[in-house]
Structure formats: C-alpha cells, structure tokens
Amino acid sequence: MSAGTPVRRWGAIGGVFFPVLSVLLALVVGSIVAAATGYNPLGTIGALVDGAFGDPTRIAATLSAAIPLMIVGLGVAVTFQAGLFNIGAEGQYWIGALAATYVGYAISLPPILHILACFLAAMIAAGIWAGLIPGLAKAYRGANEVITTMMLSYVAIYLGQYLVESGPMKAPGTLPQSPIIAPSATLPILVQPQFSAGIFVAIVAAAVLWWLFYRSSWGYQLRTIGRNPVAARYAGMSVARQYVLALGVSGMLAGLAGAAQILGVQHRIYDSFSSGYGYTAIAVALLGRNNPIGVVLAAILFGALTTGGQMMQINAGVDAQLANVIEGLIVFFVAAEAIIRWIQGRFHLPRRASGRPQHAETPAVVEGER
Amino acid sequence: MNVLELKGITKRFPGVLANDHVSFELAEGEVHAILGENGAGKSTLMNVLYGLYEPDEGEIVLNGTPVRLSGPRDAIAHGIGMVHQHFMLIGAMTVTENIILGDEPTPVWYHRREAEERIRSLSEQYHLGVDPHARIESLPVGLQQRVEILKAFYRQAHILILDEPTAALTPQESEELFSIIRHLTQQGISVIFISHKLDEVLQIADRVTVMRRGVAEATLSARDATPQQLANLMVGRDVVLRVEKPPQEAGEVLLSVRHLQVAGRDGVERVHDVSFNVRAGEIFGIAGVEGNGQFELAEALAGVLPVSGGQLLLAGKAITSMSALERARAGIGYIPEDRSTEGLISDFSITDNFLLKEWQNPRFFGPLGLRRSVAEAYALEEMEAFDVRPRDPRLPAGHLSGGNQQKVILAREVSRSPQLLIAAQPTRGLDVGAIEFVHQQLLRLREAGRAVLLISLELDEILTLSDRIGVLYGGRLVAVVPGETATREQLGGYMTGATPAQEEGVVP
Amino acid sequence: MDLATIFLSPTLWAMTLSLGTPIALAALGGTFSERSGVVNIAMEGIMLTAAFFAVFFSSLTGNAWLGLLLAVACGLGMGLLMAWAAVHLRADQIVIGTAVNMIAAGLTAYLLHIFFGQGSPSNTPQLPVVTIPGLAQLPFVGDVIGHQNVMVYITIGLFILAHYVLFHTVFGLRLRSAGENPQATESAGLSVYRLRYLGVLIGAFLSALGGAYLSIGVLNSFTQNMTSGRGYIALAAMIFGKWTPWGAFGAAMLFGWASALGYMFQGTSVPYQLVLILPYVLTVVALVGLVGRSRPPAADGIPYVHAR
C-alpha cells in the first residue's frame, strides 16, 4: 500500500488487519455451520483451500473465476472512493457483455483490433448506461444512486434477455442465445479449460486504477470528494462532474468485465448469463478497502471460495453453497468493523473511561445545537 | 414571589470553569434577561436549569422547594420549558403532531381532531395565532418558533427559557414575539430571555443579569440600566495585552470590498452593504458577536458563498465573479472557521492535505502523475517552517493535535504566498502555545507587506493584533476604528448595538 | 390471443393480485423500516429465509400455519441481525443489507441441499385457497378476488391495519418522527434506538410473510434463490409508492401486473421483457422527479448517535 493512500503509517498492518480478521471470523462461523450440519469443520475448510489452490489447474480455475470479480470490483471501488454506491454493476456487466458480443459477431476485423473494438464498445455502452442516467440524476437531481443503479440493473438484464430470446441478437435456432463471436474476437486461453488472457486485462485495469487513484489529479479529486465534499468545494473541485465521471468509469469497468467474460470464456451471451457478480463485487471492493491491489487480492479470495466450494462438494461432500455463506459473512464482518470495536468496548474497560470527558467537552451535541 | 432561584451554581468542564457560583432569581410574570458574549456561560447555566447538566455545586429552588433535575423530563415535569435557538421540529409533520409528540393525549389512537382542537385553544389562550394543522415546513421561522413555545405550554410550562430567540427572526417577527411575551407575562408566565442584543433586552426585560466568563457580573433593573453600562459589563474592563508590533506604514489597498451583499445558505441576506479596504502590511480585524454575518463575509470573500450584490477587488482587479480556486490562485489564502470539516481531510496524509488547492498545479501533478517526492519534500519543508509535530508527512492529518492541524492549514495557505489571508477564528480551541504561534505567523505576514483579514469572536484577539478594527452588527459594518486606541468598551458598544453606527462613511 | 382478450381476462387480474402480494408485503415492510430511518435492502434475504423455513417447518410439522409462524420467527431473527448492525453498530445500512442477502442466499441453498437434497418434499402442506361466498359468485370480480390464497386476504387486512398504525396511532407518529428528525424525537423523551429496532422488525415480519407466501402459498416447495429479487423490487415499489402503505400497495400491484402480463405474453410475439421493464423505468423517473417527485423520510439511512 502506498504512502499516498489514506491509511495510517503503520497502515500496511492496520489496513490489512481488519479485512484478514473479517475473513478469519467468517471462516470460523462458516465452519461452525459445517459442524452444526454434521461435517468435520477442519476437514471442510481444508477441502475448501485444497479445492482452490491444491494443484495448478485449480489455481488456474480460481484465477479464472477471479477475473470478472477483479474488474467489476475495481469499478465498484471507483464509486466508493467518490463516496457513492454502485449497486447496479450487474446490469452494467450485462450491457458490456451485450455490446462486446454484438461487435464480436456482427463486425469483422483483424484479430487484435477486433478484441480492442469489443472492449471499447463494451466500455462505452456500459459507461454511458451508468454515467448518463444515475450519474446525471445524482449530480443534478440528487436522486439516490443506490436505487437508480439497482433499477437500471433490472432494465439491463430484461433488455439483454429480450435481445437474445426474441430480439435482434438471437441466433438462429431454438435456444435463447446470441450467435457465437468470431475467432478473431476471442481471447487466448492460457490454461485449459477457461483461464484466459482476460487476467491481463484485469491486472492492467488494476494498475491503471491504482495510478489514477493515487497518482493522478483526477483520483486526488475523487478521493477528496468522497471524504469531504465541503473541503473539495473549498478547493474548487466540481463535485457534480466527478459524480458523473465516477459512475461512468465504474460502469465502464463493469462493462469491460462483461466483455472479458464473453471474449475469454463464454464466446456468446445467453439468457441466463446473470451471475451475481455485481453483488459479489461490492464485497470484493469492501474487503479490498477500495485499493486496487486490495481488490485484486480480495477477488482472488472470492474466486477461491467459488472454485474451492465446488471442489469441496466433490471431494468432501459438503455443499458448495457453504462458500456463499462464507462470502456473505465476510461482507458482514467487514461492514460491521464496529462489531470488532464493540467487542473491544465490551471487554476493555479503558475505552469507557475515555468516553466520558469527550462527552463533557462537547456540550453543543447535548444541547442539540449543530 | 420568586418562582425560581439558582443559588451558587458552579459547573466545571475539564480545563474550563463554565459557571462560577452563579446566582439568579426569577419572579412570577417577570422577563429576566441574561446578557453575555459567546462563551460567557449562559448556555451552560440554562442546561443546568433544563436538567442536561448536573451542577458541581449549588442549588436549584423551584417555588421555594429545592429540586434535583436529572434530565429534561424532570425539568418539563417541574414546569420548565425551553425554546432552543435551533428548533427541534419535524418539517414534514403538522404543528399538532410536533407538539404532542412524546406526550400524546391518548395512549394508542392518535385522535387528530381532538388534539388539534386542544392546540387551537392553547394557541388562542396565549395569543400565538398558530394553525394546528399547518405543516411545519410551510411556516415562516417566526411561526415555527411559536410552535416551540406552544410545545412548552402544552407540557404546562410556567417558566419559559428563550435562547437567542430573535437570532433567526426578521425585525417585524421580533416585534411580534415581544408582544407575545408581554401577553404571556400578564398570564403569570415567567420568561428567561437569553440574548446578546442590548436594545432588545432593554425593550423587553424587567431585569437583566450580565454574565461574563462564567460569572454573573451584575443584576440590574432594565429601567435603570443604560446601554453603555451593560455593554461595559458584558465585555469587561480588563487591560488588553497588546503584542509588540513594529509600527508600519500601511501600503496600497490590496482588498477592496464595495457594497457587498451576501445571502447565507438558507437564502436569507446576512451581509448588508458592507464596504471596507484592507491595505498591504495591515491586519484588519472584524469584531462582532456570533451570527452577525462575519462568516458569510469570510466565505463570500473566499468564493465559497456567492455574492448577491456589490464588488470585490484584489489589488485593483475585480474578483467578484471568480471561483474559489481562481481566487486562491489570484492570491487569497483562507483559513476556514471549522478545521476538521472545511480545512482538512482527516484521513488523508499531511502531504495530501498540502495538495488540496494544487490539483491543477503541474509542479505536483506532472504528465506521469503525482510527483510524490516533490510533494513530500514540499510538505516536509513547510512542516519544518511551521514546526508541525510529529514531522511525518505521511501521517494522516486526523492524527495531529488541533494546534498542529491548524499549523498545517496555515502552512498550506501561507506557503502559497497570498496577497490576502482571510483567517476565520484561527485560534479556536487551541492551547496557549499554538495560539501564540498562529498570532506570530499573522504578524509575519503583516511585516512581509501582505494583507490579513482577521475574523474572530474573541475580542482580545482582535484587539491584540489588529491595526484597524471593523465591527459587524446585524450584518452591517457599523464602525471602523484604529486598533491602537480601541477599547473593549468602545467595541462592546458597537457590537451590541448600544452605540449607534458611525455617521460618516466607514470606508477610510 | 389478441390484446383485448388478455386485458379483459380475469386471469390477468387474479394473477396480478397473486403476484403482487409478496412484493406488497415486503414493500410495506420496507415502508415501516424506512419510516423509522433505516434503509432496509435486507428484505430480499429475509423473504428468502422465511420462504425456506416455511417449507422446512411446514413439512416438519405437517401444518402450514405452524410453518408460517416459525418462518416468521426466522425472518425476525434475520431482521434482528440487521437492526443490531444498523442501529447499534451504526454500520453502513446498504452494505449490511447486502451482507444479509448474501448470507441468506447461501444459507438457504445450503440447508436445502443438506435437508432435502435437490428438492423440498412434494407433500409439504400449503396455505389454503379461500373462496369468499357471495363475492366469488360475482361475474369477473369474483374470478379476480373471490378465490385467492388466504394470504392475499391477510395482506389486504394488514394494509388497512398498517395505514391506520402509521398515520392514526401514537406509535405511528413516533415511528415517523424517528425517521424524520431523530434529534427532535429524542428531545421529546423518546428512544430513537427502540423505535428503529421496531421499524426494522416490523419490516422483517412483513417481508417474512411475503417470503413464506411464495413458498407455501403460491407453491408448496422451495427452490434455490426463489425470491429472485422480489425484495429489491419491493424497495422500488416502496419508493414509487412514496413511502405510504397504499402507495406501496398500488406500486406492488403495478409490478405484479407487469409480471402477470409478462406471463400472458410469453409464447406470443410480444416481447414480454419489455413489459417487465416498465415499473423499473417508472421508479427511476419518479426518483429523478420528472413525474411527482418521491421524497424519502428526511433522516432515512442516517445512523443516529445517542447524545448522552
């Protein structure tokens, strides 16, 4: 973590401590659930880890599952940095996938150019989708972006389903799916069956985002606005413009993830393309503390939970859904960092002693004057 | 007969003696005003009376019986009602709903019509003229205040505390409030009227208690008191310790404010037709009691609040239509009133805080992005110059003490070598050492031939540092006096409206 | 089938009522929660939890009503978790809601496979369908509302009750005050924490009813993620209904109507998805304020810190 990040000096430890603790707590609760339902908790967790990292193929599968999570997670992190909440990345992912698929089968271009064209189309479409409507609505009408992005997510999914079920993107035949993209638009596979060069897209995206967040003037503005919009206004920053940009860039990344999934793994879009990545990405961004490096690591962890969960089911007979429970628990513990402080407050008496004079020094609060 | 007696009330906070053996009496049907500057201890005394604070010493006697008040509920049960300066009202609800909340006439069903009827008759009894089914947000401030008063009477108050009740009112609304107060006292209600406006106090009160620095200086009959006498009691006669300040010829005019008008965030005009000049090598102090337009003035000069009329010139160039950032670049430094919410981003590193107004500066943000070593070297250099401790530019600003936070802001603004520095309450909440440091920095700017506009609620600070002092009262600049000869009495008179505004134009 | 036939068929309107009911219940729950000042997107997870346990306990006890009761208890448990984190710990309400939803989705699927393998038992008792004598005999109207699941009628009753509780009782007044201005609420001597707990728990209760209706009312089985976003749709219905019970009811029925129409159009040439989109678009339009701006309670979503 860089010194430019808003983390205390020993932040390398402090910034990692809470996320790691959250993961550990979630694993503990998860193994309690396993034990309560009749499985050996240690064996379960062991099978989970082994399933995710036990051999090179499994590691490849883990990384493969992490690719979309990384990219969408980065997008969600952009909005978090700006003090916004993009809960509709799922729909933006769909929009990106649709645009990439269309460019992938409908246009013919030389190999590398074709791939770039697909990515570009996906980013533009999804960026406009998120930036134009929720972004402008937030910046100029004060409309809550949580709700607008969520609503548009459904609109995007239904729109996508219409396009491939009975709309213009339906491939000939009975199946509700699009035509397959041209070979010139597919990403090379690094490890069979499906670990694609999309990982490079994700890594590059993370590096660019890291630079943007901590080295660029734009990122500086974004982080300032997210932490203190008043001070940002004092420094002459345009809060409204940054809101639109943040949501737009967030959408672009979600769209890029959709494109990477189409070009690297699916090669076509079908009506049950929905993935839940939009929600998991929130967890990824939170666990990664909105730092691109953290997001990459958190995405690998969540990819591991997915892959490991499937292997755990095959090898230890424990249902893979346990991994999803653990994912939810991680988010819960990360969000309720206060739980950890609450536990501290319960069992460390000194905190109580320090609580009182604070209250006495701030009579204004008691009086209700603000 | 006294309905209330406070005997020797003492209340300490860590490091502050907020109330020092304060005694106070209130007779039936009387309006007893408490007059004092900000921080004189008025609010603490009222919070003791309202049960929010328990006094360290002293006694509260209601109708001849000593009582212990352990919370607002106790105070309300004893017939004490309080109208806060900031109303506790719910905009989306009706008058009736606001009044009965928490003390509904029936336990389960809320019978709207009956409750409204009851509020209507109460309103009539006390001549308040409030429509029980109006929505709060549709009412003007004056009527909202009457809803707060009704809330107290609904709970059978016979002692009413009004905390700075005219602060948010128009002159007309204030007149209406006074006539309401007169009706109330005729019905045996006793009123405690907290204010810093002399003319009002003399107009409405029977008796006046003046507080200063936690002490009740005197209680006078309003009929016998003169405005100047009260003003003197309020600001005190302490000798002002003026700092050693080399005499200096003020140079050219750097800031020229002409007929400035500014509306606050609520749209109400707070600064009316203010004109003054600040010259190079001069500290121009703005004195005034809180809420008389000084912070709107500061924000308008800094470009954060739009100007609704008038003109601003910086070194002869019009800056009226410039944005905050453009003004900063043109040479205005600004130390905002509230460090933590306006001046700093507490979880940013100190270096990042130094960059707040530099996000377009190619010195720090080059084609490859942030030049970290340049930024950190710059931050470190400034931290050394301003003695910010600990000297670690990567530390989050929130981890610094208040004094060091203020030094960071000061360093950031001064390092941009501004022609004009606007310092709003630059020493609020700092310890003695830090205060002295900030003062020295302001004097150094003066020596360097820069202009300083110092806005402070601390009269001592204004008197100590200023070459000239302007006084804001009710959003108008009522006087500009030389700092050297100014006295607390003189300023106190202007600040409280006891002395009428200077006749001739105040633009020197 | 031509359009007129579809619109005039009582089936469409009966389906509207049936499909709108779970959304309406959760939207009403959300209304209570947000009126008290807590944004509750955990309704989805609470519905899903209740849907699972309704089937679980219903098949275990052999009694659908007992199943409903215990399902509601489980939903309340989830609500309590949400309330504790949101009110006491002052965690970000959206994030906590997301977490509760993820936990519920994983846990119900996990328990489904543990206890029932791939599917819940086919002999799970179901909440009864009731025929209202007299009403059911009326032409058209009888076909629409005369013969529905008992939960549909309970829902209508709950809405009448909720409207009165929210706007005509002392409790409703207090609850609304906590969502509008908690400082003023506290200064009136009331506990904002208590009111917000109650708001979230009432919300959880109603959402749980909605979830249970899906699994043991409409059907008698649980499938993985069977709520499929109805909790989120309910959130939209609550907003579109401007945070009032009848508004939420109307909006939920609009969503129900759109889904019913979607079903009717399936297999026809009309793209049913475009019909399903309509309510979401309307919600965004309402939020942006192009048509009758929808304004949330003033302190909605803002954690309250005790003054003392």
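Side notes on the structure shown:
To keep things simple, chains are lettered A, B and C as they appear, and every chain counts its residues starting from 1.
Please note the rule applied: a residue touches a chain if its C-beta (ideal position, glycine included) is under 8 Å from a C-beta of that chain, and two chains touch if they have at least 3 such contacts.
The model shown is predicted, which means the values in this text are computed figures rather than measured ones.
Looking at which two chains touch through the most C-beta pairs, you get A-C.
Across the assembly, the mean Cα position most removed from that of subunit C is the one of B. Rounded to whole angstrom units, the spacing between the C-alpha centres of subunit A and subunit C is 27. One inter-chain figure worth recording: subunit B and subunit C are separated by 48 Å, centre to centre, where each centre is the mean of the chain's CA atoms. If each chain is reduced to the centroid of its CA atoms, subunit A and subunit B end up 45 Å from each other. Annotation for subunit C: residues 183, 187 touch two or more other chains. Each of the following residues of subunit A touches two or more other chains: 366, 368. Shown for subunit B are the residues that touch two or more other chains, namely 88.
Contacts from subunit A toward subunit C in the complex involve residues 33, 37, 85, 87, 133, 137, 141, 143-144, 146-148, 150-152, 154-155, 158-159, 161-162, 165-167, 279-280, 282-283, 286, 319, 321-329, 331-332, 334-339, 342, 359, 365-366, 368. Taken together, the subunit C residues at the contact with subunit B in this complex read 168-174, 176-177, 180-181, 183-185, 187-190, 297-298. The touching residues of subunit B, counted against subunit C in their complex, run 72-73, 76, 88-93, 97-98, 100-104, 106-110, 112. Subunit C makes touch with subunit A in their complex at residues 41, 85, 88-92, 94-96, 98-107, 109-111, 113-114, 183, 187, 229, 232-233, 235-236, 239, 269, 271, 273-274, 276-277, 280-281, 283-284, 287-289, 296, 307-308. Residues of subunit B touching subunit A in their complex: 13-14, 43-44, 47, 52-53, 84-86, 88, 302, 304, 323-326, 328, 334, 336, 341-345, 347-349, 351-352, 355-357, 359-360, 365, 368-370, 372, 376, 392, 394-396, 399.
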